[in-house]
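Letters A, B, C and D name the chains as they come in the text, with residue numbers starting at 1 for each one.
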Amino acid sequence: MYGDLANKLIIEAKRTEQLTQKYLDAALNSDNGGIRNDFNGNETIIPMYNDELIYNILKEVNQLKQNTEYLQHIKQEEEETKDQLKDVLSGHSNDKIRKCQYFVNLLCLERNKRCLMAYQRMRSDIIDKMVWNGLIGSNNMYNNGSKRSGYNELSHYEQEYMSQYKNLIDEMNSESELWSSIEIMGNMNPPSDIFIDIRVLKDIGEIQTEYGTFNFVKDSQFYVRQSDVERLIQQGYVQKI
Amino acid sequence: MGYYDLDDILADSAEIPCKFLHDIPGLGYLENNPGGTIHVNTQLKLPLWLARVLAIIDASSASDDVGNADIFNTEQQFTPFLNMLTPETFTNKVINAIKTDPISLDLHSINPYFYALAIKWIELFSDKDLAEIVSDLLLQRSQVINAHANSTTISYNNNSNSTSSTGNNNTTNNNHALFTLTLDEFEKKIYKEANDSYKDIKKWIYQY
Amino acid sequence: MSLPKKLQDTFSPKELQFMVENEPIKIFPRFTTRQRINKHSDDILDLYSNRWKMITMPDTALNNMVAMQSTTVTLWIALLLKQQNKCNIIAPEWLTCKALDRAIQFEQNNTRRFSPLPWDWLILSEILFKKAPDDFHDPIHELRSRIQDLREIRQLKVAKGIKYMNESHLQLDNLSILEINELRPFISGIMDKLKEIHLAAVGPEIEGDKEENDGEEIFNGTLRNDSSRQSL
Amino acid sequence: MSLDIDDILAELDRDTTVVDNISSDNFPNANNNRHKLTKDYSLSPNSSLDTTTVPQHNNSSSGKKKVISSIEDFSKLMTLWKNERCSPDLLPYPHLLMKRMLIRIQEQMEHLEILSMNFFEAQGNNSSDNRRNMSNAPVNNNKMLPLLCMEAELERVKFVIRSYLRCRLAKIDKYSIYLRQINEQYLNEEINEENDDDADDDDKENPSSLRISPLEKLLSPEEIRYHQSHFSLLLNLLNESVLKYMPDELQAVNDTEASINMIDEPDYNKFVFIKVKGPPNNLYDTDPLLKKRTHPDIYYYSITIPETKEDIDLIIGSIYIVRYSLIKNLLLDEKIELL
């Protein structure tokens, strides 16, 4: 039946949406508020673009398109004959049949269109989220020095879309005074504990911060800006008290 | 609801039993008979997105475009291509089951998009009776959903920050799992959102 | 989306905490910031850097603190000072065993109303229990258990009250910000659906005039024509 | 460095900022156009939340400085943030408020930079002994406290604005086609009107060419750019992967005539939690919408559910859950707040 393939696509889309949502929720709950600096490149939050299924749906679309054209053609012919013969009965019932056939075709096309659009929009939404969550390297994603060789999960047009969207945000970020001064790409959790007490676990030596130079000797304690020592905490050199 | 809404798209694919009111050659593929004719009074199931329109456009006029009006059809009487019959989801048997025991009903097995389909159906037929039944069903079930959502939450040991499930026995969790299996997709969504909300707040409080 | 989905329909507890932290609270500073200004002081830099210049709150109080003289500051500042051992926080009047007992009494006597606690009672009490436990006169576990009691009584009331959900409206006086947020996805989700069912039954023509209805009413006015208007 | 102590003190004592000359001429006719532009209530300008847009026609006030304290601005910002987060549709962008906020943030950042520079210079002059003490316990030095607090405050302000703006961007993305449609409709009407009455143009205080389109009022210039650019990227993607395979008549992305409307609109009927505040500045006597019951005195607004004709009294001080569409105007007039 027409539309069955598209249905499959939507069921897949729904599963994808649920899975990525879980992942992104977890990112928000982490300390850095939805920004994932620790993205190691092995995680995929977007599954492979379903080329094969899309191809088959488009084949169906093409078939329906041809049907429609054929029906339109027939209808024209019949109307000409009708005018000549004024054959009320046959003209009438043919009209009805053609109309019904046409609507079935049209509705199948509309249905396929809706499913394809929804699938694509679901994926572009995920791409948007990836951009906002800092999952996309700031250089050109294909060959940024980072961990990923590319985004094989994305279709060609999606890759293009992703890099252009990322560029848009970067560009606006650097051009808008407001966006840059409030760090629009920053943490979505409210600031709490901007300054924290820490204990140094290993000798590190002098650390330069906005608030002066700190001599991080083992077992010493400091009150520092959390963002200044974020990395040291992650690496286990210092500990939040 | 919306054009891109995946749940709505899936709800729209519900199969509706239909009765054709005309012979339509060439549509045999709808009943697995490609190239054949669908005959008048044929009954078959069609997805809602298809049936809905065929049930409301007029078969008798060739076109609803005024410029093309059929001059032979001055006495227009509305006959659609098909009539939609009550889908299984809303048969008397199901409605009775709903009325008897709304709470322990396995709504998911009746239709995973029960409410979405119900709303479409109510709208199509201005079916106030069905609206009342469905509202009542939702209201009654919502209280149970709320109770479950609020109790399957994480509990924190005051000493450690480790999390463990409440209901020290697994049966509680199994109950919740079994319960969510009986929910339709909308109920499931509400359950999850409510549960997340309760959980997040409990987590915040315990962290404090 | 630029806003995480979770934040699209509600506030996170951290955000609620953030809102509450902007509220004023009384403290006893343990140090003095008020300065006897010596116009001829050479220590200009010292003076300069020792002054508050705030953009979201009045800074007069901050610049005129005198040790052990109570003053009012914004909660998050109070917490920062407290963390540095530079002040004691004065717990609000409602956050005493006596006042909480009265609130509990009210909750028990009124089955369908909530006691008029402040909009941030749950959040503020949790913050203060954690960050200023030594600033209470009453034993903290006594306070904690009363807050817990209040919370449970009120939750029970909500659970009983949700059967009054409808497609029109609800009045929820004295529900606090945390309670509202906790219930929001559930209550608005269900009520939205009830309203959707209701509107589907009464039909769109009454729904509002913004939606001009250009579909023909046919079939005894029961079926609406929302079909494609393309003609063959 | 020569610093006059009086200047410094004057500087320090201010807790208000004089902001007048920031161009408030952006929307000279905001109020005039209100009815013209607001067929759809989502477009009504939120002039009252953006205080300085109001007194524009008063040329007499040009000499008078309007002082808006930064504290006032911040509390308005908090309200706007909460309202935006809780409302299903986009609320008007507070152009002037945001301009002032940006200036304040920048000023404060500069101020902090100077402070910390001077601070460490001063520290550097002290003995190395002193310096070590300082770095081992920087905050135990009372002198650091204001700096820390100001730093923290700045982070807080930045967070609210960030969250507010990103909430708006999310809505702009969600309803990008709808927003685009609004504007196109407006532009079409505009063209028609111009054709209709050329002669009248002189009479109008505001030639239509200077009129502000609904989007320009609703969105900031950045948001407009974002909306347009992102929409065209998205459209391109949808075209390339779906639409171009469709028959001509199904290639639109904004088809409203097909069996399912393609333009997703905000759900104006969505239930929202509200707190009834009453007229701003407690002007109870001059609020025509405010009704009063006596014994005891209760003030309330009355709204009506259209399909049932049921009246709901929204009593000042109370909390309700009601349909957004019924209270949107009260919200824009700052008579209620979303929770």
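The rule is short, and it goes like this: a contact is a pair of C-beta atoms (placed from the backbone, for glycine too) under 8 Å apart; a residue touches a chain by one contact, two chains touch by 3 or more.
No experiment lies behind these values; they were computed from the predicted model shown.
S.K.: Give me the set of chains touching subunit A intersected with the set touching subunit C.
M.R.: B, D
S.K.: Give me the fewest steps it takes to get from subunit B to subunit C if each step has to go to a chain it touches.
M.R.: So the least number of steps between the two chains is 1.
S.K.: If you tally C-beta pairs in contact for every chain pair, which pair wins? Let me know.
M.R.: Top-ranked chain pair by contacting C-beta pairs: C-D.
S.K.: If you take the mean of the Cα atoms for each chain, which one ends up farthest from subunit C?
M.R.: Of all chains, B has its centre farthest from that of subunit C.
S.K.: Centre to centre, by mean C-alpha position, how many angstrom separate subunit A and subunit D?
M.R.: 28
S.K.: Which whole number of Å gives the spacing of the CA centres of subunit B and subunit D?
M.R.: The separation of the two C-alpha centroids amounts to 39 Å.
S.K.: Based only on mean CA positions, could you tell me how far subunit C sits from subunit D in angstrom?
M.R.: Subunit C and subunit D have C-alpha centres separated by 21 Å.
S.K.: Provide the list of subunit D residues touching at least two other chains, using ranges where the numbers run on.
M.R.: 105, 139, 148, 152, 156-157, 159, 163, 166, 173, 258-260, 267, in rising order.
S.K.: For subunit A, which residues are shared contacts with two or more other chains?
M.R.: Answer for subunit A, listing residues that touch two or more other chains: 25, 95, 98-99, 103, 107, 110, 114, 117, 121, 128, 132, 188, 190, 195, 223.
S.K.: Got the subunit C residues that touch at least 2 other chains?
M.R.: 1-3, 6-7, 12, 14-15, 17-18, 80, 84, 184, 198, 202, 226-230, 232
S.K.: What topology does the chain touch graph have (line, ring, star, complete, other)?
M.R.: complete
S.K.: Touching residues of subunit A toward subunit B in the complex: what are they?
M.R.: Touching subunit B from subunit A are residues 1-3, 7, 10-11, 13-14, 17, 25, 88, 91-92, 95-101, 103-104, 107-108, 110-111, 114-115, 117-118, 121-122.
S.K.: State the interface residues of subunit B toward subunit C in the complex, per the touch definition above.
M.R.: Going by the criterion above, the answer is residues 1, 52-53, 55-58, 62-65, 68, 78, 80, 115, 118-120, 122-128, 130-132, 134-135, 138-139, 142-143, 145-147, 149-150, 186, 189-190, 193-194, 196-198, 200-201, 203-205, 208.
S.K.: Residues of subunit A touching subunit D in their complex?
M.R.: Against subunit D, subunit A makes touches at 54, 58, 61-62, 65, 68-69, 107, 109-110, 113-114, 116-117, 120-121, 124, 128, 132, 155, 157-158, 160-161, 164-165, 168, 172, 176-179, 181-184, 186-188, 190-191, 194-195, 210-215, 220-225.
S.K.: Can you list the residues on subunit B that touch subunit A in the complex?
M.R.: Residues 3-7, 9-10, 13, 22-27, 29-30, 47, 49-50, 53-54, 57, 59-60, 62-63, 70, 72-73, 81, 196 of subunit B touch subunit A in their complex.
S.K.: Taking the complex as given, what residues does subunit C use to touch subunit D?
M.R.: Of all residues in subunit C, those touching subunit D are 1-3, 7-8, 11, 15, 18-19, 22, 31, 33, 37, 39, 41, 44-60, 62-63, 76-77, 80-81, 84, 86, 168-175, 177, 180, 184, 187-188, 191-192, 195, 198-199, 202, 206-208, 210, 226-230.
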